[in-house]
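Following are the structures in question.
Below are two complexes that have chain A in common, paired first with chain B and then with chain C.
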Partner chain A sequence: MQERELRDLIADVKTGRMSRRSFVQQMIAVGLTAPMAGMMLAQSGVAMAQTAIPYKPTKAGGGGLLKILYWQAVTLLNPHFAVGTKDQDGARVFYEPLAGWDQEGNLVPVLAAEIPSKENNGLTEDGLSVVWKLKKGVKWHDGMPFTADDVVFNWEYARNPETAAVSIASYKDAKVDKIDDFTVRVTFSKPTPFWADAFVGTYGMIIPKHLFADYIGGKSRDAPANLKPVGTGPYVFVDFKPGDIVRGKLNPNYHMPNRPYFDTIEIKGGGDAVSAARAVLQTGEYDYAWNMQVEDEILTKLEGAGKGKVSIVETGNIEFIMLNSTDPAAEVDGERASVKTKHPLFSDPAVRQAINLLIDRASIEKFIYGRTASATANFLNAPAKVRSTNTKFEFNIEKANAILEAAGWKKGGDGIRAKDGKPLRFVYQTSINAPRQKTQAIIKQACQKAGIDVELKSVVASVFFSSDAANPDTYTHFYCDAQMYNTTMTQPDPGFFMNQYLSWRAANKENKWQGRNVSRWQNKEYDEIYKQAEQELDAVKRAAMFIKLNDLVVTDNYIQPLLRRPKVSAVAGNLTVPLSGWDNDLWQIANWYRET
Partner chain B sequence: MGKYILRRLIIALPSLLGISLILFVLLALAPGDPFGELATNSNVPPEVREALRVKFGIDDPIFIRYLRWLAAMLQGDWGFSFASRINVDQLILQRVPTTLFVVGSSQILALAVALPVGVYAAMRPYSIFDQIANTFAFIGFSLPTFFTGLLLILIFSINLGWLPFVYRVDIPATGWLWHWEYFKQAIMPISVLGLFQAASYTRYVRSAVLDVIRLDYVTTARSKGLNEGKVVIKHVVRNALIPVVTLVALQMPAVFGGAIVTEQIFRIPGIGSLLISAILANDTPVIMAVTFVFACLVVIFNLLADIIYGWLDPRISYR
Partner chain C sequence: MAGSTHASPIADVVVPLEGRPRHISPGYEVWRKFRRHRMAVASIGVLTLLTAAVLFGPLIWRIPINEIDFTARLAHPSWDHPFGTDDLGQDLLARMLYGGRISLAVGFAAMAVAIIVGVLIGAISGISRGSVDAALMWITDLFLALPQLPLLLLVIYLFRDFLKNWVGPEGGVFILIVLVIGAFRWMPVARLVRAQFLSLREKEFVEAARALGATTPRLVIRHILPNSLGPVIVAGTIDVAAAIIAESTLSFLGLGFPPDIPTWGRLLFDAKDYLDIAPHWALFAGAAIFLTVLTINFIGDGLRDALDPRRVM
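What follows is the complex of A and B.
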């Protein structure tokens, strides 16, 4: 999809010929995120829709106890230290960002009075700064007023490497100034098209200056408020036992009228995903359970009890296979899979193309994941229902055979194809996880029919995903021919997500295998376009660039997308829960309510 | 006696030191690292992960890390959890009451079942009662707690809907209602642990009583015309229980271990579930501390068993 086509579509939205929703879906289809689509529309003069979040109660309180079950317990409550989504969600009960992302890619103001735009002078032409206006009259749980000083403080706190905040990436390249008590300006060192990162969403939660000011840097761990949060959120802290339970009670001074609905809230943790699903869907002991990594068959059965339903929202997470572009068997300068080598088999485009045709994505979706994943041909996600020029995937053994035959890979006596004495045989690894092993088996079977011998390898997840520089079995070492895993896209902007194919980011010995380009894929054109996209302020042009980047990755067949993995949760039947795939599960906790 | 205890404690020190060294090295060599979750998260740049590793000293040589740990431990500093960034001792202390309650109640239940059943079975060996008790005891200790736990959940929580299967420390009720709710949620885990223990205790009590009941002094007591109840309680059980007491003491660490699995199944926030979640998160300081506490428990209860044994049986002397 070219820039012109994008402009035509936006014009259609502007004149009302096309709905905002279908535009967003089209953008997702070509591999963009919903928030990015929203930004494009905003910049082209289509205002961000005022998201109508359903909320019926006419007064705060009266809802009793809200029971939430996380099968991995919350371990800490400082949003700047929150590594996993469980901890981010725990913090979100008490802390709030300036704005959050809804499912359609709209920014929804929380502590901000309004979303910055050119019209309200929040954004500048040069893309070098953003001005946020803060909501007035917001109070911390201890009665202190929330002001611009708090916002500035969060930037100072998080960007300090000594603090060891996981949110550092959102703050380290920016500069934040206070304009007046309720206005702050974020200044970037270079033109930044995606300005809604700092103070927004997951890593944007604001902690109070008056309680954390003495604990910046190396002393960050000693702050008493790490365990006893004082925020601006809808619930006030009551009790926290790390690894077990978080409890809160209604905040009588909450800044949104008639909210929250529940009098008390608790997030219990521990156990396993299946029994958590059971507690919500079958026995009704709990109201909400997070991250249902449970086979769809079981979920459907449990839903049969009628106590609750499974809620599925789209995200940018993707399960994919990568083929090694380097030779994992050869050792160069003390490391294997060095970018100086070429993979003996996969360097032939015909082999990669054949493997792409041998992945039966439809069956993997249908028989293994069910509702909890959908097949895709894009690396940046895409629902199968929207057709797009480059999002086709095909499962065709004959065609794969024909391609290999034409490229000179002839079948030997053992049924395995070979060329120049090199047999078509490779090792395919992934982490230990039942659906992944089933997927491996399906692909191995199809490859066999095309004369490719696949050896399967599975590594314990704690090893596979570790950052241990000494262990050759981690996914970043990639001392293997092919591997499969799920990469998450927590950031609504694809900028950070797509840097994992930049040539200079290749994982190697020098960077202790911390480089994000694990496949070691090298492509000059990709690098160039990415550099341009980093500077491009026109949202539409930038979107077109990301579509191009996606196409480059996908059509080269080193990266073989399999399935989009949505967010799956279990929700009690009478509970209304606005979820978003681009923000935390509890991003709208203030608006949760129960139908009576 | 005082001298004996002192000597035993001094001997215990090197063994604890050895245990700690082995645990530490094993954990250091084990794969995985606490920041694995950051690895697949595209929002966290690799430099941050690297900085965290350096800050928490994970990249230093094992030996230096061990010495650092030991020095801190001797000063009472248990280190802090990588996952929750709070002190480990605080984390463990929060969990101890729950584990003590569950393990303690299950031990009481186990003894309350095992003592009468074992003694009665020994008084009438090979009677119908004895055979039924034996059968149940065998079934009891052949079924692992993770199996019986799930079985009970399936029957009482899911099919019948009588009992909750998520254990909560804070129940939003007061007075009698609170006690009732607490009792309801504790029934399943305590019976799972308690009955498993009761099975092996029953066998042990039975054989201990059987050994004593045939001795001459018991016959003498009977021929003096004492009634059967008095003979059993005053003369038989008193002597037969000496080895049982030591067995219970020796079993205590094992019971804590058995509670690990049960705690996980019922989501009981005890030490065991802390250990499991720490292992899953590769939170080495917590794993180290909890396993070390278990090691201490073994050493202490061994010492306790020896002391109690000598105190109950004056024929044993301390040297």
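What follows is the complex of A and C.
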């Protein structure tokens, strides 16, 4: 998709020929995010829509107890240290950002009085600063007023490397000044097209200055408020047992009228995805369960009990297979899979192409994930206006056989193809999760029919996704030929998402395998375009560049997308839960209510 | 008869001998006593059947274990698929037969390792006095005190790749699991054997043998060891069951065989979420583990009764 086509589409939205929603969906289809689509529209003069969040109760309270189940328990309650979504969600009950992202890529104000725009002088032409106006009359749970000082403090707190905040990336390149008690200005060191990062969404939650001021830097982990949050949110902290349960009760001074609906809230942790689904859908013990990584067949069956429903929200998450571009067997300078080596099998493009043809995406979607994923081969090359042709992919064993045959891989006596004495045999790893093991089995069988021998390996998720530099089984070490996992868009801007294929970001011994480029894929053209995109201020031009980047990655066949994975949750039948794929599950916890 | 008490010593003389005296070998004696334990005899039958099925079954039932057929997903038992299919349409009978080979082999091999190591250490420690005995028992206590799971993780990380290159992924994991399970289960056997040795070596028949000039190795191998094997065999049968269950645990943690190898533990793990949709999937694998463990325990029971010389039947 070229820049011109993007401009045509935006023009269609402007004139009303195309709905905002379908534009956003098309942008997601080409690998961008809804927030970025929203930014493109805003810059082109299409105002952000006023999101109508449904809410019926006419007074606060009276809703009783809200029981939420997280099968990975919350371990801490400081949003600046929250690595996983579970911890972010736990913090979101008590803390709030200035604004959040809704499903269509609109910014929804929370602690901000309004969303900055050129009209209200919040944004400047040069893209160097943003002015946020804060809501007045907001009080912390302990009665202190919420002011611009708190916002400025959060920037100082998070950007300090010694604080070791996970949100540091959102704050380190900015400068935040207080203009008056209820206005702050964020100034960037270079033109920043995606300005809504600091103080927004997942990493934007604001903590109180008066409780954390003494704990900035090295002492950050000692703050008592890390475990006893005092925020501005709809619920006041009651009790927290790390790894087990979080409890809160209604905040009588909440800054939005008639909210929240529930008198008390409880987030229980532990168990596994299937038992969590059961607790909401079948037995009705709980009202909401997060992250349903469960076969659709089981979910459908559980829904049959009539106690609840499965809620599916589109996100930018993609389940994909990554082929190693380096040799995991050879050890160079004390590390395996060094970028100085080349993979003995996958360096042949024919092999990569054949494997792409051997992935039966349609069956994986239909028989394993069902409603909870949609097959995708190529989130690119999207013909401009029709989405359905976009999800075209091929599963063709004969063609794969022909490609391998033509490239000189001949079948041996054991039915395994080989070339120059190298048999087509590789190890394919993923985390332990029933749908993933089934996907492995399906791909292995197809490969077998094409004369490729695949050895399957599965690693416990807590090891596979850990950042342990000493453990060779983590996905970032990638001491394996191929691996599969789900890459999540942790930030609404695809800039962060796309830096995972930059040459200089390759994971290696030197950076303790923290480099984001796990596949070690190297491409000069990609690096160049990425550098340009970083500086590009025009949102539409920038989007076109990102699409080009996506294109480069996927057509090289080292990265093979399988499925787009939406956010799947289990919700009790009478509960109204506004969800967004671009923000935390609990981003609108103040607006949850029960139909009576 | 072995333990019967006669009214008076001369009673033997008046018993009339009919023809030549019936010679009863110790082996026959054991079998005769074992036979009385009906459940144990039935268990031998069932276990033989199970073993024969997994050994020869795949030669007759020729559907490949990984043949995916989406048209027959979660099919209930039928003539095409006597045990039904799983959610990828793979034939469960074929998978059960293949997996049974591994599960049973792991069980018996791990038992062999545990018994060999246990008997060796127990025997050395029981016959030698003083510092050797103390040192060996310290080692036994040390092993009993080791945290199993962390050590297991370590061993698997250290040696998995090496063994995989040497004997292939399945063989490597097999050796590793058998050794690891064996290495963690020999301690009770060693203690049992040592206790037996301590009491047996003071018995009159041992003293008699020593007086006749028997060397220590001969004393151990010919006289003491055979008399102390009863409890060892019983402990061994329990180990088989424990090893099968331990293998399932390892598969559960992803440390066992590759995920596409359908051991019984693995089948059960995969099936657990489908209990209310396709109960047959879990039932057959569960029944197989249950039957194996139960029959082996019954056989152990029967053997304990049969091998106990003090027991009169």
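The criterion applied here is as follows: the second predicted complex is superposed on the first by the 582 of 596 C-alpha atoms of A that agree within 3 Å, B and C clash if a C-alpha of one lies under 4 Å from a C-alpha of the other, contacts with A are read in each partner's own complex, and residues count from 1 in each chain.
We adopt the following convention: a residue touches a chain if its C-beta (ideal position, glycine included) is under 8 Å from a C-beta of that chain, and two chains touch if they have at least 3 such contacts.
Since this is a predicted model, take the numbers as computed values, not measurements.
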**chain B versus chain C, judged by how many residues of chain A each one touches** = B
**Prompt:** So, A:124: does it touch chain B (first), chain C (second), both, or neither?
**Reply:** neither
**Request:** May I ask you to decide whether A:311 touches chain B, chain C, both, or neither, giving the answer as first, second, both or neither?
**Result:** neither
**Request:** Figure out whether A:187 sits in contact with chain B (first) or chain C (second), or with both, or with neither.
**Result:** neither
**Request:** Using the touch definition from the top, say if A:347 reaches chain B (first), chain C (second), both or neither.
**Result:** neither
**Request:** Could you say whether A:445 touches chain B, chain C, both of them, or neither, answering first, second, both or neither?
**Result:** second
**Request:** Would you check which partner chain A:432 touches, where first means chain B only, second means chain C only, and both and neither mean what they say?
**Result:** second
**Prompt:** In the superposed arrangement, does A:460 touch chain B (first), chain C (second), both or neither?
**Reply:** both
**Contacts of A:503 with chain B and chain C, given as first, second, both or neither** = neither
**Request:** Could you tell me which stretches of chain A are touched by chain B in one complex and by chain C in the other?
**Result:** 460, 471, 473
**Fill in**
Touching chain B in the complex, chain A uses residues 65, 69, 72-73, 75-76, 78, 81, 83-84, 161, 164, 166, 168-170, 202-203, 221, 226-227, 239, 241-245, 247, 264, 266, 268-271, 275, 278-279, 282-283, 285-286, 460, 462-463, 465-468, 471, 473, 475-476, 485-491, 496-497, 500, 511-512, 514-516
**Asked** Can you list the residues on chain B that touch chain A in the complex?
**Response** 31-33, 35-53, 55, 80-81, 83-86, 91, 94-95, 153, 157-158, 161, 164-166, 168-170, 172, 264-265, 267, 269, 273-274, 277, 280-282
**Prompt:** Any idea which chain A residues touch chain C in the complex?
**Reply:** 274, 294-295, 297-298, 301, 363, 366-367, 432, 434, 437-438, 440-442, 444-445, 448, 455-460, 471-473
**Asked** For chain C, which residues count as touching chain A in their complex?
**Response** 66-68, 70, 73-74, 87-88, 90, 157, 169, 253-254, 258-260, 270, 273-274, 276-277
